[in-house]
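Notes follow the structure.
Which chain is which? They are A, B, C and D, in the order written, and residues in each are numbered from 1.
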Amino acid sequence: MNITLKQAEALIEKAKSKAVELDTKMNISIVDAGANQVAFVRMDGAWLGSADIALKKAKTARFFDMPSGEIGKISQPGESLFNIEHSNGGLITFPGGLPLKNKDGEIIGAVGVSGSTVENDHAVASAAAQAM
Amino acid sequence: MNITLKQAEALIEKAKSKAVELDTKMNISIVDAGANQVAFVRMDGAWLGSADIALKKAKTARFFDMPSGEIGKISQPGESLFNIEHSNGGLITFPGGLPLKNKDGEIIGAVGVSGSTVENDHAVASAAAQAM
Amino acid sequence: MNITLKQAEALIEKAKSKAVELDTKMNISIVDAGANQVAFVRMDGAWLGSADIALKKAKTARFFDMPSGEIGKISQPGESLFNIEHSNGGLITFPGGLPLKNKDGEIIGAVGVSGSTVENDHAVASAAAQAM
Amino acid sequence: MNITLKQAEALIEKAKSKAVELDTKMNISIVDAGANQVAFVRMDGAWLGSADIALKKAKTARFFDMPSGEIGKISQPGESLFNIEHSNGGLITFPGGLPLKNKDGEIIGAVGVSGSTVENDHAVASAAAQAM
């Protein structure tokens, strides 16, 4: 049970449309069930530093099968997973990473989006996730 | 002078078509003039380990403005650039990486392909580079 | 649209003059539009550990097209980009990194300065950025 | 006993002049007695991938107090230091790195040059080293 490239490309198109609608320029990454990247695009003029962040958000979402921002809530000082970001070659734990599920609810990958506010990043990732 | 996402996506389609024609499954990476990744796809069933190789081939081709395989010829034991692969966080110096030039002959990025024999990798990268 | 070495060297001279004026010893790094280093100097007696920080500040400013310190404000515990520093091989998000713009307002690189208080680092980076 | 920034900048000017004379575009790095970078320039249009190589050549020359190419001779397959390049975060052991000595013959740093053939790289590094 793994996302296909065709599915990933369709999600990226959805994400790009949402990014344009929000007047933003995004980096968009899709990983599969094994947390390995399937497809990536950087929109013209999008932040260079957001490419790695988009990938790390997608990996983080699949590593723990939850939205990246959920991990960020419990990685704060004093919380149970403080500084979990040091694992796995670097996690990104603010919003913009979401697991991707098939019709049966099985996780088949994840999407990560970076290039604007975390609210916009999350909105674009959600547009992709909901298109599954 | 930088490749656009639209151009990168068109090259990836060309590369995918060539990969299908050769009955191969490829990882295809496009970087811009600054050697930063613009777009990437991994075809269904393509080797997982070839994603990083495709990116490193593209970076290598842009880092030195020549086909990755040209560097490999002179990085052999006893040759002038032996073990250059230890630089830049890891180079890949066998064929499959090619600079991308615009109509004026300026280098605006590079393509890297990995997933089959180096002959096939090079053929798919060439299909992309010639489509510029 | 990329900074030239001649421009970078002129900026470094401005930065060094400002550093002397402030009675500080600085590491000064200039990167181009692709976030690749163009020029670097470490003033005699400047902190050894600040060389990498100067480069990472310059890269951070170009990665996100804003002063490095702006990112630091929103990467604090509880803020929206907490622990973004784990991306891109390590960001530095306190002041001292600034984008460099040409006359048309296009970003053509960035400067990073480290070696004293963040106020002094920022003052020296500003002296360089304003000399563009 | 350490190279000063003023000395390093003078050597870089010598190296740039030699690079122009040879019709090449070079990356030039100077490290101090502690193998820490003092100054660096990338000439306009020089290979992006040669920045890291120039630094690694300079570090290699100071790490072992001999020309980088001397190490390359004994790091070949079957030789005594085979694959020493895996140490120290990556060595570069072909020509282009040279120790820098003061009048008393003490090593006070090293120069590394990359951007052309190893013969040209070595010639530009030599021009710098002889200017001490």
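A few comments on the model shown:
As a working rule, a residue touches a chain if its C-beta (ideal position, glycine included) is under 8 Å from a C-beta of that chain, and two chains touch if they have at least 3 such contacts.
According to UniProt, the chain labels map to these proteins: A, B, C, D = Heme-binding protein.
Since this is a predicted model, take the numbers as computed values, not measurements.
Looking at the partners of chain C (Heme-binding protein) and chain D (Heme-binding protein) together, the chains they share are B.
Chain pairs A-B and B-D differ in how many C-beta pairs they share in contact, with the greater number at B-D. Mean C-alpha positions place chain A (Heme-binding protein) and chain D (Heme-binding protein) at a centre distance of 42 Å.
Separation between the centroids of chain B (Heme-binding protein) and chain D (Heme-binding protein), computed from CA atoms only, is 29 Å. Centre-to-centre separation of chain A (Heme-binding protein) and chain B (Heme-binding protein), using mean CA positions: 25 Å. Each of the following residues of chain A (Heme-binding protein) touches two or more other chains: 48. Interchain contacts (touch definition given at top) occur between A-B, A-C, B-C, B-D, C-D.
Against chain B (Heme-binding protein), in their complex, chain A (Heme-binding protein) makes its touches with residues 4-6, 8-9, 34, 36-44, 48, 51. Those residues of chain D (Heme-binding protein) lying in contact with chain B (Heme-binding protein) across their complex are 47-50, 52-53, 56, 72, 75-77, 83, 85-86, 90-94, 117-118. Across the complex, chain C (Heme-binding protein) is touched by residues 32-36 of chain B (Heme-binding protein). Taken in their complex, chain C (Heme-binding protein) has these residues touching chain A (Heme-binding protein): 34-35, 59-60, 62-65, 77-78, 80-84, 86-89, 91.
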